[in-house]
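In what follows, structures are represented as structure tokens.
The two complexes that follow have subunit A in common; it is paired with subunit B in the first and with subunit C in the second.
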Partner chain A sequence: MSQPTDSVLLKDETWERVDKATGGAAAPCFQCGVCTAICPLGLVKGETISIRKIVRQAQLGLPGWADGLWECTTCLWCESRCPHEVDITKAILGLRQLAWKEREVPEGLPTLLWDIYFDGNSWGRPPSERPLWAKDKAIKEFSPSDEILLYVGDDAAYDRRIQKVAHALVALLEAAGVTFGTLGEREPHCGDAVRSLGHEEYVAEIIESNAQLFQEAGVKTMVTVSPHCYDMFANRYPHFSDDFRPLHYSLYLLELINGERLKFEKELPLKVTYHDPCYLSRRNGICDEPRQVLESIPGLQLVEMERSRDDTLCCGGGGGRMWMETAAGERFSDLRVKEAAETGAEVVVTCCPHCITCLEDSLSQVGKSKLRVMDLAEVAHLALQS
Partner chain B sequence: MRQLHIIACVKVVPKPEEVKVNPENWTIERDGVRSEINPPDMNVLEMALALKEQHGGKVTVVAMGPPMFDSYLRLALAMGADEAYLLSDRSFAGADTLATSYALAQGIRKIGEFDLILCGEESSDGATAQVPPGIAEWLNTSQITYAEDLKIVPDSGMVKAQRELAGGYEVIQVPLPCTASVKVGANEPRFMDIERKTWANAEGPVTTWNAQDIEVDPEMIGIPGSPTIVDGVAQAEATERKREFLKGTPEEQVKALIERLRPYL
Partner chain C sequence: MTKSLYGAKEAKAIWVYLEQDEGRLESVSLELIGKAHELAEAQGIPVVGALLGDQVSSLAQEAIAAGADEVRVAEHPLLRQYTTDGYSKVFTELILKGKPDILLLGATPNGRDLAGRIAVRLRTGLTADCTDLKLEDKTGLLIGEVTGFGGGILAYIKCPDNRPQMATVRPGVFAVPEPETSRKGKVVSVPVELAEEDIKVQVLEHAVGGGVDITRAQVLVAAGRGCGGDFSLVNELAGLLEGEVGVSRVPVDEGWASRDRMIGQTGYVTRPKLAIVCGISGAFQFTVGVEKAEAIVAVNIDPDAPIFEQADYCIVDDMFNVLPPLIEAVKKARGGNGGR
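Presenting the complex of A and B:
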């Protein structure tokens, strides 16, 4: 029997290439298509990412397999619904690793990695400017006797908007009498940008060098501003000592509140809704703790959006999408600020630099002028001052 | 037929915020500062590697500088270059563009036959743009400056380049061998291959040649070979910006911005 002219014979080496790059993650996929059907990109683009098609095309070595690969925000929505528990993120990141090898990478991403290589941050800014976010504050260099290392992260160090989040967090730590320090100029990029873009080999190098730095600095409890840095330290780094305890700051604030070191005594009459960052909620199961921080503020009213907790809608900034342009009208955050406004809340609270950036950007576009975006640390700081 | 041989000239420069000038001899201090591969030289490497992918052949990297350049040459190997030569000798120190281009030309002569020499348009520290034309003169090749795009014309022994002009561009074709300087931003330099980096650091072919190795006239290198006299260097004061933030909807902000710009149109 003759083959149809457009048939493709699956070669062992292309199959093995995908299997190796994805660490076998794609192998259990039985092509049911649930991931494709529920990918939230359908909400904004009308068309979802066809994960199963990407995997199949890559296995067959068909051209165009890298198209769509870079649209994924690694929000984990598909993975949470996959009937065969396929580690879809691992498959996507593995295919991205393959795309790096084959130079099928969107414009701008190689430059981002060079910036991280030469400058140690994703903003391409000098390390000497890293501590400038705190230039008006007397924040000391971390010493092992401190209770915590404050890991500031690239965004809070260099982005003027996110610097305000770090300022609020510092005020809260000071109010609670926490002894803390930072690594100043020595603070390295955590590796999230590199990992989420799938450069597994480079991120392994970053992790090895950073873990050594943290170990030598005597880091035990480490508090991060960003859930992305937290996810890296909690789940991707070797736990170099039994005492190493990475925490997102929302977890640490709750510890301070429960330990009665941080108390909100004055009323803050504010109606808020909380947007769960994917990297806290779906990826790390942290949904209650940020809400408990909000609920400890007297007078504050928390209302929920329909999509919340594990069902949260991604802001659009994960999976390296912060470093790629998303066309206006195709941004999850446009939908998200509308959903937040519909609750009647005055403020949409979140606790992730990417979420803050995306939501505020959408707010200026969508024009829900009564709604404001605030970080959890900013709300808590406001409660302390009110 | 011999395969295409591209020479990529590379310089290691201090990061812009690290540039400091020695007040005694007006040379740039390079010790203990954070450095990088000169940005347009990264575009050179990308252009050379892309041409190699298209036509086959070999990419050889050449640099003149202190031993600390070595690790940066290995980055070029990690990006895909085949081999690298570092021209390093205390007697090269203090070279101006004449002495630098002479030493580089001597190094390239020793490497052997080549088709194309690619250099960055200028270095971010010295910024004279004189070295590429200097190399072309020493080696008597055709030359193109400020190339944004460059193609080997098949079976013609010619190279065709688009070069930037104020307000436009021109396309010129010249015979090989050719020395071309490449505009910064002409392409996006590929990120290095980490496996290749491990190889490059352990056993990458980086050869160091001193002044004797490349048979230079001692009077034509370093300070004796440099007729340039730097009489002084002054720091330009940064202009203070107004830092005004426009308020309102995007439409209102655009209107307000136009009103601010109108007096200057």
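Presenting the complex of A and C:
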């Protein structure tokens, strides 16, 4: 009898490590494979990443790293269709955590974590430059008597493109008479990049020290530019006081509109389509609020793409993919700008820095010259000025 | 800590490993001779080159012209091609006889390989991949500058107790000195004991790869969408400036350039002395990979291109108008002092 050539040996020790790292998230999976079939990577690649296989690996504690472990953008499409409600993201991040321990992570990612460790941001920029996005504006240091803390985030603080989003948001807050401040140079990295790359221990440290900082600063309502920061504060941070209320800015703008503090009186004749960021829509069920902000602008026409709301197509920047290279031809955002252009909209509106970066990058490549990418805050600011 | 095989008191001279391949000296070896000469002069100690190979003694004069006071030549037919075993054995013996205070090697693939072995055999420390060298003011100890944590920090490392104080240095950090052909030095031939059994590796084929490492380049000429796939001028300028060609993401996407030349967040973070950035608009994800350059010259046809916010020198024009006269000017300047 010939020896089986591709059998694998299961080791209890490995199984225990994997089970611990993934928190047993994979256990409920009955291997139906819906996740693999629906993974949007199938739209841009010949085949999807085999999520079913990754989950099976986590169930059995198989050694080695599954193909595609680092390709996942944590867009949550698979989980939204999973009949057994498996926390697939948790399983994937758990396996990434083990990869860190084995020092088998893609090139460049250790540098990213060191950047965050030394400089407090994911772009390796000096912490002293963090407040420079607002150098022409009189933005004060947050005090507990302020209505909100504006949490700017790494992207809006350092990326010149996303700084414009923060500028628009500040103009809206000022127009509504909101009292607000920022933490300036003290503002920390929220931890999203670290978490989505699976470095669980480090993100736990970040969360602990940040939560203490926010508590000591007297933070109550906290408004973020990025849905990723929002997701961290809303779902991963301890709610250190009953008053702690993290909000993505789209939610806060809607509050200001509903409270009649922010009003768009002039017409803005613009045909737009709205791209739902995964971290708002699928992850946090926030689909209506950004649309309601858009609909409150007179003259603005909102048309929908086929894949919208809970069925949105990821821009490709989540799950730490912003810091990894995605090969040409495999970028979701290339498809997305085509879908946006097909609606006949002049502008694709979104409200996530990663989405803006990816969509604009694809737009310059694909060259849909009539279409522009704008942030929700920029559109609202334009409506205020028009 | 492990005791080194000889002490600081017996140690003398700065040694430089003269790496040769097929009878040609690596330019980093001459760069290091030049730097060693500068450091040694201040201390009043000699610079010794160590040359290993087969029938290579004719290269000794090149090292002397660059600043070596003495060259020790170890020749043997089995040293014709680099092998870790053979070179480690012969070089270790050479070092134990000469007892250098400082030993410098180029951070080339073979130099790195050899340095690690030697350091362990000599029970001493090795500061790998230095980007600068100096001697400490009072003690005269060697201080190597290295980048740590993926380029995030600069660290200064010394080896106070053990000898030799070893360092590998990236090629291109120091300039190759002008050869002083009249310079005199001693050439000492040392006997070599080496048998075939000492070498466990058999070299089947010797090939030089075309790999690039833009993170080490002192000069980068970078091009993006604006070059339209035509790299002729960019290549020429990079060649003249002894630099490398870097690219933004578009040329990689378009298949004009390979990924190992990509600058940026998902490419490589570089820190050249000079970056000439042509036809690249300068999205944030690109500029994070080049902003540590000491000087950035940006050439772009679009006056609103964000790259101009980062650049030290801004030229608003088509790169195809700017580069030809620049290339001519560099050629002229190079021609003027006899070229290199």
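Simple rule for what comes next: the second predicted complex is superposed on the first by the 371 of 386 C-alpha atoms of A that agree within 3 Å, B and C clash if a C-alpha of one lies under 4 Å from a C-alpha of the other, contacts with A are read in each partner's own complex, and residues count from 1 in each chain.
Going forward, a residue touches a chain if its C-beta (ideal position, glycine included) is under 8 Å from a C-beta of that chain, and two chains touch if they have at least 3 such contacts.
On a predicted model such as this, the values are computed, not experimentally measured, just so you know.
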{"item": "Superposed partners subunit B and subunit C on subunit A - clash or fit", "value": "clash"}
{"item": "Which superposed partner A:Tyr202 touches (first subunit B, second subunit C, both, neither)", "value": "first"}
{"item": "Which superposed partner A:Phe118 touches (first subunit B, second subunit C, both, neither)", "value": "both"}
{"item": "Which of subunit B and subunit C A:Met324 touches, first, second, both or neither", "value": "second"}
{"item": "Contacts of A:Gln365 with subunit B and subunit C, given as first, second, both or neither", "value": "both"}
{"item": "Subunit B versus subunit C as contact partner of A:Thr357, first or second or both or neither", "value": "second"}
{"item": "First (subunit B), second (subunit C), both or neither touched by A:Pro110", "value": "both"}
{"item": "Partner chain in contact with A:Trp100 - subunit B first, subunit C second, else both or neither", "value": "first"}
{"item": "First (subunit B), second (subunit C), both or neither touched by A:Arg161", "value": "second"}
{"item": "Clash-bearing segment of subunit C, relative to subunit B, as chosen among 42-50, 168-176 or 330-338", "value": "168-176"}
{"item": "Subunit B and subunit C footprints on subunit A, overlapping residues", "value": "108, 110-111, 114, 118-119, 365"}
{"item": "Contacting residues of subunit C [partner subunit A, same complex]", "value": "149-153, 249-250, 252-254, 259, 262, 265-267, 269, 283-285, 288, 306, 309"}
{"item": "Parts of subunit A lying in touch with subunit C, wherever the complex brings them together", "value": "108, 110-111, 114-115, 118-119, 123-125, 158-162, 322-326, 328, 357, 361, 365"}
{"item": "Touch list for subunit A against partner subunit B, complex", "value": "100-101, 103, 107-111, 113-114, 117-119, 126-129, 199, 201-202, 204-205, 364-365, 367"}
{"item": "Touching residues on subunit B, where the partner in the complex is subunit A", "value": "15, 17-18, 34, 36, 42, 188-195, 249-250"}
